[in-house]
Amino acid sequence: MLALIRRKMKFQREADPEWAEQISKAPGCDRVFSCIQCGTCSGTCPLSIYMDFTPRRIIALVREGFRTDALSCQTIWLCASCYSCTVHCPQNVHITDVMYSLKREAIKHKLYPSRFPIPVLAREFYEIVRRRGRNSEFWLVLRMAMKSNPLVLLTMAKTGWGLLRTGRMSLKSERITRIRELQNELADPQEVSR
Amino acid sequence: MSEKAKVAFYWCASCGGCEEAVVDLAEKILEVSAAVEIVLWPVALDFKRKDIEAIPDGGIVATFLNGAIRSTEQEEMAHLLRRKSKVMVALGSCSQLGGIPGLANLWDRSAILEAVYKGSPSTVNPEGTTPQTAYKDNGRTPTLPMLYNTVRTLDQVVDVDYYIPGCAPAAKLVLDAVETLLSGNLPPKGTVLAPDRALCDECPRRDTRPDKLELAEFKRPHQIIADPEKCLLAQGLLCLGPATRGGCGGLCTKGNMPCTGCYGPTSRVRDYGGKALTALASIIEAKDDTDIEKVLAGIPDPVGTFYRYSLPASLLKRKTLEA
Amino acid sequence: MPENYEPKIVAFFCNWCTYLAADLAGTSRMKYAANTRVIRVMCSGRVDPQFVLEAFAKGADGVLIGGCHPGDCHYQEGNYKALRRYYLLKRTLREMGIEEERFRLEWISAAEGDRVRTVVNDMVQKLRALGPRKMNPAIEPELEEVAAS
Amino acid sequence: MSERNGIVRIGVYVCHCGTNIAAIVDCKAVAEYAGGLYHVTVSRDYKYLCSDPGQELIRQDIRDHKLNRIVVASCSPHLHEHTFRTAAEGAGLNAFYVHMVNIREHNSWVHENREAATKKAQDMVRAAVRRVVFHQSLEKVRVPVHPDVLVVGGGIAGIHAALTLANAGKKVYLVERQPTIGGHMAMFDKTFPTLDCAACILTPKMSSVKAHPNITLWAHSDVTKVEGYVGNYKVEVARRPRYINEDLCSGCLECIEACVYKEPKFIDEFNMGLGKRKPIYIPFPQAVPQMPLIDIDTCIQFKSGKCKKTCVQACGDRHAIDFSQKEEIRNIEVGTIIMATGFKAFDARRTPYYGYGTYPNVYTSLEVERLVNASGPTAGDVVLRDGRKPKTVGIIHCVGSRDEGTNRWCSRVCCMYSLKLAHLLKEHTDAEIFNFYIDIRTPGKGFEEFYQRLLSEGVHFIRGRVAEVTDWALDPTEENKLVLRVEDTLLGTVRRIPVDMVVLSVGIEPHEDAQDVRRLFNFGCGSEGFFLERHPKLAPVSTFTDGIFVAGCCQGPKDIPDTVAQAGAAAAEALALIDTGFVEQEPNTAYVIEDECSGCKTCVPMCPYSAVYFNADTKRAGIHQVLCKGCGTCVAACPSGSIKQHLFEDDQIFEEIEGVLTYA
Amino acid sequence: MTPEQAAKTSKGYLYFPGCSLRATGVAYEESLVELFRLLNIPLVELPDWNCCGATSYMCIDEGSAFLLSARNLSLAHTVNSRDLLAPCAACYLVLKKTQDYAAKHPKIRTQVEESLARGGLPPFDGVKVRHPLEMLYNDVGRDTLKSNVIRRWRGGRIACYYGCQAVRPYDEVDTAYNPMRMDELLQDVGAPTVDYALKTKCCGGSLTGTVHEVGVRLNYILLKEAARKGAEAIVTICPLCQFNLDAYQAEIRKATNEPIDMPILYFTQVLGYALGGDPKKLGLHRGISGRDLIKRWFPAHEEVEAYV
């Protein structure tokens, strides 16, 4: 029976107010504490209906410092950063930016749901651009698929064909000329100084 | 002779104009010299410092000292004469307020020597010689007084009893002063021996100033030919009469030139420039920032305008420089 | 500059707008730097340039004048008079070697308690960056070497 | 210096204000420091100086130690200067030997570092000690108060204030911008929470305004100029032409019947454009004054000059209709003014995502008030713009409130009137009604009970701010509907709710011209544009301009009971002034030292009140003491320092400057 | 064209293609270049531009995200002070956001500038980031476009789809709530546009590639509502929007068996064609869905006739 019944209770010991403070310091996140929980963000979000926590609840979790829930949820990865919440929010909470800072945290601490393709995509993208200075949609999708779930390639084949036929899929991946400088710029200062 | 009251005239940093004021007494000078014994008057008579030192302290009834203090020698003489005199009178703008030489307080000694002995286009000085306070020349060491960084008024150096304002003071003021002093019934210490009302009170043009005068722009004397009757300020000229102590009878305004403020402030004012400034700024018409700035552009040199005669006596006394 | 340099600001606040704004900042418990010393005048138009000069002469690091917004003066136009004097005085001070940042005129209405906070903090921060006032040189310059023949 | 004013004996008093000051400022240290200052005879710190024992302490010291100057370091002079001056007077010391140092609002409440705060307090006290040395004994100036009162705005606030004053026997001028008094309340159907009909309680008051012998009612008029000061205001009122002679018109309204337009044809402002009117019209049946007016933009006579003028014929030998009527200027003198200019309903077009102006079936609450009103354009029959009767209605709260994008404040009344409208709409249409709220705020007598009543009536309450109103349909159930997308924050899921009618509960905001108006009257305004009260708690209806009071929504959003209460309070404040008969003015006037003045006239243009004049005989400037308001601009302008100002003498201020700067 | 408009356009523009316009969005680049040729406005590609970082970089580390786009701004700064055109909504937003945040947070600015310095690049302010829609609307102007139209519109009704990042959060391209500029431009060339409530709803961006079903569902709704409002085609201003709406229609048909087959065009294609551009040069052959309709609306060998 216990398999069906789950015990739900938030203990204050799980809360981490410092973390909430820290998030609110990230660029664009300064107003999380002004949220009045009106739900406009969720209402206007095209993806809230697929999220495990609505954006409003994410803000609530952040404010109360429930770090693990906020970082391990799918919500932040479903955010397509369309900024609808940000422009509609009556309290000027830049929800999109909050989502971004949560994504960064989740990646940093490897807290994102396993085999969830979006973070994988992000990191592959990061890698490709880091190496070539430009992105190649073809290789990106390929690598992402390989790392998350190769089966999707099958469903994608059709689309791929359509693109190929109309000359919209370029297999060659471009690279910028001053890539060395770029990598040097991207490297974090400490490393450089060393 | 000896029972005659001893009087001294001396000059420090000044142009000598004040001496002229004394000479301007014309035949009256004779009355004066009849009444007093002049013990020192460099511009006219040959006395030496030692003659003064010979006089017992307080032996001089009154010293009329013109010019500001900006060198060691001037400071020594000021102290010496103070010691010897019952009454010390600061004669003229320079000794009262610092005067034109006081504008040197916008720079310091080195900057001034640089400009005068090297910078100025008319100077030919290939060796770049500048005055030395002392110079060794086979055994002898002739010395020169040292120029100070800052020009001071007389009362910033020694205790002053009375002031006669003006650049130069009107002869009448000097005469009145001498007579008052000789008469014996002395006004309270620190009195400026001139009327305590602003110049407008004596200016024939006053009544032509509109009751509610507001200016759209300032003009400078070379820009217009001023109406000889009308209030100069009303014509847009920077006339400082409203802020300046009267006593000259409006010499400049009679000559169709605006007052530049040589008689300094009235007794109620601590900083002549501040008041001269407010007298003009308050009656500007413009309302928004850019317009105001535009009007004020008509005053190209505020310090030179408002502190022409009184920089050392002003609250700030001089321009601050990098420490 | 001394480690714990605290600029001292003499502030002339008009009775009807800026002084009240400062009161409001108080009642709303806004926190700001303790460097101002407020002198209440009925109107910014009462601020005689001599007051500002005196403040600087006596060693103030900055002078702040607070008045009602243009058009809002309790006495209709006093703040415009203040504005006109301000610009001329500012230029005069500059020529006397006193930096622009040290002399400031701000319009702060009775409702803008928060503005008092931001203005004061901003000015204090700017003055800290600027450091203490420049000094007057000693009257007697240090004597140079006696030149040799 | 001090010799000039005899032997100076100063008492310094530092107030703890409980912990308000003492928590940050070391009051003891300040008092001890002050004790060491020149001229200071007594120096104490005390818990509450404004308390009776506190004041008595000062009085006692004045007697025992022959103190002739008092420095009180406590709160803002705006709060307690009067208190301590009176205390000093109680001990026979002239009130103006007292000076206050603000170490609460300007110090303990805004600083955190105890050391810095204490230092600041010491500096300020030192400055005050040096200042009071130069204080002198002064007499307060008394000016008489004109008994007549001007009330600006004829809404419920203005009406109530006017009647209260008139009943007290005072002559009142009531000036209203609209052609009728009644304001917003006249547009309402019922009033919450009692649901008694607005007209039934308002219109009697309106007609008694008209009937009252002490009230001069000027509707369709504007205040165009205000001069003078408390007790003696000179006001100019412009009466816009109605083209009806009010002395001749009997209010029979036959002219309207007779108008060449047989049917009403033009936008009816009073009914929010939901109804129509003729060029000659009366805003609504119970309008006061009960008299038509002509709208020159639509009247043929005015447009072409070629009209049969059937209205004139109908008026017959009354000849009340006068096409040549011009604006009239009236000048009045009053002693006090009550501002009751009301509010502006938020313009729903500023929230485009709710589709007002795009979708015809989106209404504002004010429109719905007219729609459900028995005397409204549809006689109380709720039909949509497309002729349907709504089966489902969505009421969106907080439109133009609690929103950084529009207005930040809570408009206070929307929750309650939304409940009211929900009830009325249900009553009229039996539709299914959804309320969308962020928070339900029902703080008022009988309010929460009303909320309960609505809940029991089966009205839906969904906690969530609607994100958008659109007409796009996912499936047939949503076709031809307005769909509200909203998170039901209590369920934690997003919902799509199709409705026939959307009601936007628009908030309360200041009139567009609020700033111009208060400039005209010369008093303060909050940053959001509501008129600023002197003190949020202790002087809620006074302004910073003596003799001008505020009532109703022009001061901030409030409901009818609060408005009426405030109007009564404003009236009482005015009465208090009138019955005292005079006001005592701060003797901070400027004065000319005649024989120091050179007559340069710099001061003359400084004065906005023409108090400063040039005496052509003596050739000296002079200042009318009654006209002078004590701004001191002329003092700062006088180039020869010949103008001085009581309480703000140059010497006093110089001492203050040196005081705060010279470290001791 | 007003004098100031003329002055602006004659200078020409810097052009930041972004990665998509070199792949799935190639038709966007083609049509943009062609359109500018027809208007003879110089268009210079930003030399050695790099990826803007899109949404992904911001998920990993904001420092490098800002740096990445800052590099492009910095490059643009070195070229000259001409405005920088970013047709891709994502690029446009990221570039603007970088400027905005650098202005708002000095910390970010200094950090980025230091990094740039390591690559020998100057600071990156002073460059104005523009989107073609807003640039055509403001700098070229409706009248100029109208006067250059030489082909009559022979297509059906159109739904203008603005997507998200071009109009949000920086509402410079158009207002965030109800943008109309694309509608106005298309109406100017004779294309009737429908009132489309979803014109700024999100297409799901990369979701079609990651959480496929969700992404496709979003696009299904967009297509369906457009059809419901009587539109026969959707016109976009963003390569990703165009791709998402275009690429999955077959799949949607299969899943919903609704007869959806709609041309998804770039506004630059429609404008370009109206101004006499060659369909091939405008990349009109690259559409996946609604190909027949495209052929009918934009006949290749249609002899150019005066538009009356």
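The first chain written gets the first letter, and so on, giving A, B, C, D and E; residue counts start at 1 in each chain.
We adopt the following convention: a residue touches a chain if its C-beta (ideal position, glycine included) is under 8 Å from a C-beta of that chain, and two chains touch if they have at least 3 such contacts.
All values reported here derive from a predicted model rather than from experimental measurement.
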Subject >> Contacts common to chain B and chain E (chain labels) >> reply: D
Original post:
Minimal path length between chain A and chain B through chains that touch?
Top reply: 2
Subject >> Between A-D and C-D, the pair with more C-beta contacts >> reply: C-D
Original post:
When the centre of a chain is set as the mean of its C-alpha atoms, what distance in Å lies between chain A and chain E?
Top reply: 24
Original post:
Counting in whole Å, what is the centre-to-centre distance of chain B and chain C, each centre being its mean C-alpha position?
Top reply: 31
**OP:** Could you give the separation in Å between the centres of chain D and chain E, each centre being the mean of its C-alpha atoms?
**Re:** 50
**OP:** With chain centres taken as the means of their Cα atoms, state the distance from chain B to chain D in Å.
**Re:** 58
Original post:
For chain A, which residues are shared contacts with two or more other chains?
Top reply: none
Original post:
Which chain E residues sit where two or more other chains touch them?
Top reply: 177
Subject >> Multi-partner residues of chain D (each touching 2 or more other chains) >> reply: 353, 606, 633, 636-637, 650, 654
**OP:** Go through the chains and record each pair that touches.
**Re:** A-D, A-E, B-C, B-D, C-D, D-E
Subject >> Residues on chain B engaged by chain D in the complex (per definition of touch) >> reply: 196-201, 206-207, 209-214, 241-243, 245-246, 265-266, 268-270, 275-276, 278-279, 282-283
Subject >> chain A to chain D touching residues, read off their complex >> reply: 36-45, 48-49, 54, 56-57, 88, 90-92
Original post:
chain D touches which residues of chain E in the complex?
Top reply: 175, 177-178, 197-198, 221, 225, 228-229
Original post:
Which residues, counting only chain D, touch chain A once they are in their complex?
Top reply: 353, 398, 402-405, 438-439, 463-468, 485-489, 492-494
**OP:** Give every residue of chain B touching chain C within the complex, in rising order.
**Re:** 106, 108-110, 132-138, 141, 146, 148-150, 152, 269-271, 273-275, 277-278, 280-282, 284, 286-289, 292-293, 296, 299, 301-303, 306, 314-323
